[in-house]
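What follows is a single structure, and I will ask about it in a moment.
A, B, C and D are the chain letters, set down in written order, and residue numbers restart from 1 in every chain.
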Amino acid sequence: MNVVEACRTLAREGLVKGSQGNASERIGAVMLIKPSGASCAQTKFACSVLLQDGDVREKCTPSTDAPAHRALYNAIPEIKGVVHTHSPYATAWASAGWAIPCVTTGQSDAFGGDIPISGFCEIGGEEIGREIVRMWEHDQRRTAFLIRGHGVFTIGRTLDAAVKSAVMVEHCAHVTWLAQQMRGLYRLAQVEIDANYKRYHENYGQHGTSE
Amino acid sequence: MNVVEACRTLAREGLVKGSQGNASERIGAVMLIKPSGASCAQTKFACSVLLQDGDVREKCTPSTDAPAHRALYNAIPEIKGVVHTHSPYATAWASAGWAIPCVTTGQSDAFGGDIPISGFCEIGGEEIGREIVRMWEHDQRRTAFLIRGHGVFTIGRTLDAAVKSAVMVEHCAHVTWLAQQMRGLYRLAQVEIDANYKRYHENYGQHGTSE
Amino acid sequence: MNVVEACRTLAREGLVKGSQGNASERIGAVMLIKPSGASCAQTKFACSVLLQDGDVREKCTPSTDAPAHRALYNAIPEIKGVVHTHSPYATAWASAGWAIPCVTTGQSDAFGGDIPISGFCEIGGEEIGREIVRMWEHDQRRTAFLIRGHGVFTIGRTLDAAVKSAVMVEHCAHVTWLAQQMRGLYRLAQVEIDANYKRYHENYGQHGTSE
Amino acid sequence: MNVVEACRTLAREGLVKGSQGNASERIGAVMLIKPSGASCAQTKFACSVLLQDGDVREKCTPSTDAPAHRALYNAIPEIKGVVHTHSPYATAWASAGWAIPCVTTGQSDAFGGDIPISGFCEIGGEEIGREIVRMWEHDQRRTAFLIRGHGVFTIGRTLDAAVKSAVMVEHCAHVTWLAQQMRGLYRLAQVEIDANYKRYHENYGQHGTSE
């Protein structure tokens, strides 16, 4: 899917409201990203931004989060897609200041462990990007990140993968919130988490890939 | 959008049930408002009411809340739209008697602080309108207001903006309720809230406006 | 709307799952009611049952709850519609054994007070009907009733009104559950509840009626 | 319905996200099952697997859970359909490590008692199947089973019945979670549960069957 389709998927899945959220895709030396202020549900085009210097290629104001997206593409060569949402359950964990502990085989499969949380970041610059890179360097299997008091970013080897991670992190945030309310948070053993992650990423799908 | 489209949007977004809720638009010396008893999802026309004296322009019984809407238009010259819902999370905060604290950058962007709550108001007269004006005078950035034991009113420079605020206040009420249940309500620093509000209202969108 | 349309509305509004729930309408000496085992979402016809002796008018097995519906029509001459759902929030109150306290003006408008709860009833006979009649006799404004450990019944002067009550009782159950979780249940004063109920039922809508 | 229709129903009902979940159907000596990695919402075909030795009949990688499904068909001759989901409420109970207690007549009707929970199982082999058989042998009315820290499996005499159980177990998990949050879990008396189950499975529907 392209950036416009990704934005509309985020809206249809209930992960963004109003003009919240955005998606971008790296194509060569450029990233395409949602225009600033556009509603994800009604976006009609994407802005083109040079990754090297952040110059905009045409008359189009890119998302406020463009510097954060750009920092991610420049720091992590293998990613092609970045997604940002304020999906309710994940944003609640981010507001309460908790990482989402890995209590299900589903989260093990998709994320290989807890969903980490950053410190509070200023919006509009590269700080969000730098915080995500720091969390990613700690464990390079990570593709979803909570931003404290703000929301979620996901990254992917494709834009489809980043969108799928945005859907899955909200699902995990939902189930884990429900279990937390029951006073029933039991983190799976890391050895079980790792076995599930490995199975899901190496022996899954029609071509040995989960994407 | 016009009043009929606004009402249908409120129903489609799950912010009203049955004949709950209403929307109005100021056009010159008149306001158009949902008829009394009409279901938002099925409204077909709007009633026309003179702002000066409240006279109805045609054979049509306007919403019970018409005096409250009229009081708002008469007290706050810059608004063109008013929306009222009983959206579930916001109404729960209103019933429990709490303002919604500002714990996310999203609420900072949209509302610039807490969502305030009124005292209990009689329905059908101007009391709701007067209470909202009192809360708005305290901080004129405010566009969403809880009415204790009742629901939500939003105001906007356009009807579209008032509808957007009604969507966003329910989103904020949802996320903040979830965080409150985790015993994790951390109000953002006012300096951060103000910086986000300023960025969102001055440097956002394709024409420097979030609306 | 007729019985088939009512059943489909219940499914579309998320008030019933699978073959749960049913609706009936009194037409003269007969009631039409959902067939036993039919999914509300896919019901295609209604069974015809004589109110006097419960005889079925054609080859059709009526809903297990037919004796309860019949008992209601025979005891309360002014009702024309009865609806039964297992909507999640109302059923949670019914399972926990609580009446739903009236904490909002919305519940005041629609129901004029708390939503009462019965004792545990055997299914398939008239016991559910008798319990509802007992609760209704206590306050004849009541149109929605929790059945302990089971679900909800609503009654109406029309089938449309009974369906609307089924939608509204779930809305009230939802908002009130959210407020209860915040330790914020404040029952409105009965004088306020009565004023709202009176306004809603006497001075509302295009013809002075809320239905 | 066939396997493809079953998978799409699970997605439409909100019981699975992304490539989670699967469904299978026994047809003679073969089972048809969702391909590995396929999204339930977009599955287009099913893989064919021999029940006797697990050989795949064509170029198609079956779901990782195929050995668990196969173990169920081989141990329980009367079942024709198996469904697996990660539906949020049921998965929360499974993560918290609780069986779902039977607190409603609806759960009595559909399941005849509590929804049992297994120990933690390795994914990809027969362990999940063996655990379910063990729970089923304890009470052969059981058609839904929580897998600890993982999700839900349901079985049915038809694939339609297994899909219906997957819908109903999430409904029961939802209502019971809500009641648990109110500190209001009251298990029904087993004699009431048994009476409801018997009525629902022997005297219900147009042909004396609930399916």
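In the analysis below, a contact is a pair of C-beta atoms (placed from the backbone, for glycine too) under 8 Å apart; a residue touches a chain by one contact, two chains touch by 3 or more.
These numbers come from a predicted model, not from an experiment.
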| item | value |
| --- | --- |
| Co-neighbours of chain D and chain A - touch as defined | none |
| Same or different contact residues where chain C meets its copy chain B, judged by the half mark | different |
| Angle of rotation relating chain A to chain B [CA atoms, steps of 5 degrees] | 90 |
| Whole-Å separation of chain centres (CA-atom averages), chain B against chain C | 31 |
| CA centroid of chain A to CA centroid of chain C, Å | 44 |
| Residues of chain B engaged with two or more neighbouring chains | 181 |
| Chain contact topology (line, ring, star, complete or other) | ring |
| Chain B-facing residues of chain A, complex | 17-20, 35-38, 60-61, 64, 86, 88-89, 91-98, 120, 122-124, 149-151, 177, 180-181 |
| Partner chain B, residues of chain C touching it in the complex | 103-106, 110, 164, 167-168, 171, 174-176, 178-179, 181-186, 188, 192, 195-196, 199, 203-206, 209-210 |
